[in-house]
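Below: a set of structures, written as structure tokens.
In the two complexes that follow, subunit A is the common piece, with subunit B as its partner first and subunit C second.
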Partner chain A sequence: MSVGLDYQFLVKTFFIALSGVPTALIITIVSLLIALPLGFLLALSRINQIPVISQLARVYVSFVRGTPVIVQIFIIFTSVPLLLKPVFEEYHVQTNIYDINPIWYAFIVFSLNTTAILIEVFRSAISTVSKGQLEAAYSVGLNNVQAFRRIIIPQTLVVALPNICTATVNLIKATSLGYALSLREITLRAQVAANVGYNYIEAYIDIFIVYLLLCSLVEYLFKLYEKRLRKYKAVGA
Partner chain B sequence: MQKYFDVSYLWGTIPQLIPFLKVTFMVAGLSVLFGTILGFILALMKLGTSKIAKKTANSYTTIIRCTPSIVLLFLVYYGLPAIVGNFGTDLNTLHTAVFVVITFSLQFGALMSEVMRTAYEAIDRGQFEAAVSVGLSPAQAFRRIVLPQAFVVALPNFGNSFLELMKEGSLAYTIGLVDIMGKASLIISNNYNSHSLEIYLGLSLIYWILSILIEQFFSRLEKIFSKGKQVIKTT
Partner chain C sequence: MLEIKNIHKSFGKNEILKGVDLKIEKGDVVVILGPSGSGKTTLLRCINFLERADEGQAIFGNMDVNLKSASRKQIHQIRQKTAFVFQNYNLFNNKTALENVTEGLIIGRKVPKAEANKIGKLALEKVGLSDKINSYPSQLSGGQQQRVGIARAIALNPDIILFDEPTSALDPELVGEVLTVMKSIAKEGTTMLVVTHEMSFAKDVANKVIFMDGGVIVEEDAPEEIFSRPKEERTQQFLKRVIPEDYIYNI
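Right after this comes the complex of A and B.
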């Protein structure tokens, strides 16, 4: 065991780890773009108790929240090729299933995962907006879409934003598990660099700093946005 | 790679995994124990008057919250023996479970400190003042009036954090701890990676049932303890 840190390596690997940030961010953004509308719609179906969809959403949320992300990753990673193989053979797609870029699996896993988290977030947020708001919107002549876009969603967003922030930070943290998909994001890049000289401590300190910066930045941006949205917040109860 | 999905593997793995639940529970239980103690100290620091203590506790919480479990796990696993090694103590022979417990105690402590702080702040200051005014000492007032109420407020969050901890605990397989996740990956490598989907599904089934049971347990507990609670009825 070497005593003391290899500072040269520490600095060099920091930039290697930093080069994984775009990958982590792309996964986060794509997953959020898929999960936000889907989560909102499913939350609505839960609140209005639309048969079948509501029950399915409930089981789905319970499963995703009840199992570790790493197990979900492995399930998707092993099941998708099995499911796709007959489809590919049927339509004579020439692509080899095992050559697919792992980022696609990451998109699937993390959007499915985040959708489940956001269903619960939106469900509790929508239920804080009183029903009278919707009725009032109808009574002044807004249609369904307008009422939601202009009245309900802004109010829901104010309540949901802190939880969406937590979900986003958790999502960024969860992308570190992409190593299981051999996805070249922050963690794996630094790990690979460390494999050469067994400088694992330095590599993990670098990864630690990168995530710390990234997550603090995201939290800060959400705080700013929250301040801007606060004008929608109803004063008093 | 096997082509067909064989359900018998799914049912076959569950009895193989069940005995390793006790490792999962032991790690989670010890982490909860140490994490709660750490969380209590951190909550005291946050609620206290010392500015330095408050700053330290808050930055600790932020740092832990921004670190993925797996990174923290590796930092502890590789970093701790190196630091202690400077003082001439060899930790490399220590059981991996120790590192896992340390990691998750650190993490759970940060979570718990927030849970306790918000629970304490949720209790109206008037409760404490009323208790003191009827002649209880501040310590008695805290123990008999504030604590039981704060406990009820903290309970659902405590349950959620516990579930979170149990799920994150599955990452311990990466440093070679054989809990149910570790056993599942051992079974898979013994099978030369065939039928891994069935085994992972069996594993997820165990986690799912476990978390539903824990959830039920905590909601039952909440009902028992909130018996005397008076809430404003909202229509």
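Right after this comes the complex of A and C.
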């Protein structure tokens, strides 16, 4: 009895799945570009207990952590058009609300999601940097921006990097949920190809492998970066 | 050169500084002694605005600053005139010894890198660490780190260097090397304001000793006077506890 896998299809669909990688990457990169600075600033506001902002941030994090990503996607997907409709009409924008490329919704959802996660990542990472570092920076004449950029952030990053890696890899995997928006990323493209001849098992294996390769590569890159940043730490620390 | 008038500072309900006046001339080496909680460290930290005083005035050369309402610019200007040596060294962990020393010069004072490196190497040589300029703090002992901290302060060539218990966090064997450095820069005429428990430094190097307790200055005088003829009861009690018994009987 043969295993029954259509190997030709397996190979062909692998490249179809691979074609969804750019989409997954774009969503990941855009979300990180927004979430990293925003998460850092909001984490700072939590640590310094800035009124209003820090409480809002706390509530925001609870919301995002307490709900499944797929539900967040559905909510954004259905509510944003309703919110935008009056705005579009006000400014006489020609585009139809429902014709917006779903990738924009992906940007919104994943940026919001990743920001919330990074707030917590940075909150704990920043707290590992002793306050004395900042005081020393001030006392040699650095201003706030200089102190953070040159002293605090590099040290925060070393501690935060493993968790940022986890968040990034989770983000890449979560983009698979975009198929619910008909977003033509890895999972959907492979599924569509599978629909033709009902070769689902092969398609799922391919999707699996593509994510595994992509995430492993990202982990490896993070590891390299972490090694470079850790240069100043004691051996074995 | 530096005059502090009527400085008050509370943390919540605790009033730590209850009205302190201080006057320092150029070249003075002033040591502040006192029990913990007396406000010595707070006083130091208020001078370069690591804490914001509730009340008080600082006259620094030709600058007259209200300690409570000082603007960012004024704070920056005062920090240009001072340098701080911390009890826990507070070296920049992600920078080498040389980079630690030159950071304030290059970024804080816009000194060109080549010149800053020259100044930095000289400062590190002065504290005896020429062979460690490219080491990171994690590779240095406590005494070495503190010496880098002192080099960082002297490289800035400030009007006054503030020392906050510079040897309190060090193993006893390492205290000596740091005190030696401090003594040598004192001999060169550096103006220093030092909070310490090291009586030898106060006796040998300081030209003025201040005894603080409970947020006020109890007594201030030359070291010979304070140590052999303390005038206030509190001073006598403190010295009795801190100095071994046989010294008191020294005629």
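Quick note on the criterion: the second predicted complex is superposed on the first by the 228 of 237 C-alpha atoms of A that agree within 3 Å, B and C clash if a C-alpha of one lies under 4 Å from a C-alpha of the other, contacts with A are read in each partner's own complex, and residues count from 1 in each chain.
Rule of thumb we're sticking to: a contact is a pair of C-beta atoms (placed from the backbone, for glycine too) under 8 Å apart; a residue touches a chain by one contact, two chains touch by 3 or more.
The structure presented is a predicted model; accordingly, all values stated were derived computationally and were not measured.
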**Message:** Quick check for you: in the superposed arrangement, does A:Q72 touch first (subunit B), second (subunit C), both or neither?
**Reply:** first
**Request:** Name the chain, either subunit B or subunit C, that contacts more residues of subunit A.
**Result:** B
**Request:** Report for A:C215: first if it touches subunit B alone, second if subunit C alone, otherwise both or neither.
**Result:** first
**Request:** For A:I117, select first, second, both or neither according to whether it touches subunit B, subunit C, the two together, or no partner.
**Result:** neither
**Asked** Can A:I201 be said to touch subunit B (first), subunit C (second), both, or neither?
**Response** first
**Prompt:** Does subunit B (first) or subunit C (second) touch A:V140, or do both, or does neither?
**Reply:** second
**Prompt:** Now for A:G132: first (subunit B), second (subunit C), both, or neither, which partner does it touch?
**Reply:** second
**Item:** Touching partner for A:L177 - first (subunit B), second (subunit C), both, neither
**Value:** first
**Message:** After the superposition on A, what does A:A57 contact: first (subunit B), second (subunit C), both or neither?
**Reply:** neither
**Item:** subunit A partner contacts - residues on subunit B that touch it in the complex
**Value:** 1, 3, 5, 62-63, 65-72, 74-75, 78-79, 81-82, 85-86, 92, 163, 167-168, 170-171, 181, 196-197, 200-201, 203-204, 207-208, 210-212
**Complete:** So, in the complex, the side of subunit A touching subunit C is made of residues 130, 132-133, 135-143, 146, 150-151, 154-155, 158, 231-234, 237
**Item:** subunit B-facing residues of subunit A, complex
**Value:** 1-3, 62-63, 65-72, 74-75, 78-79, 81-82, 85, 169, 173-174, 176-177, 187, 200-201, 204-205, 207-208, 211-212, 214-216, 219
**Item:** Touching residues (chain side subunit C, partner subunit A) in the complex
**Value:** 48-50, 76, 79-80, 82-84, 86, 88, 90-96, 103-104, 107-109, 136-139, 152, 156
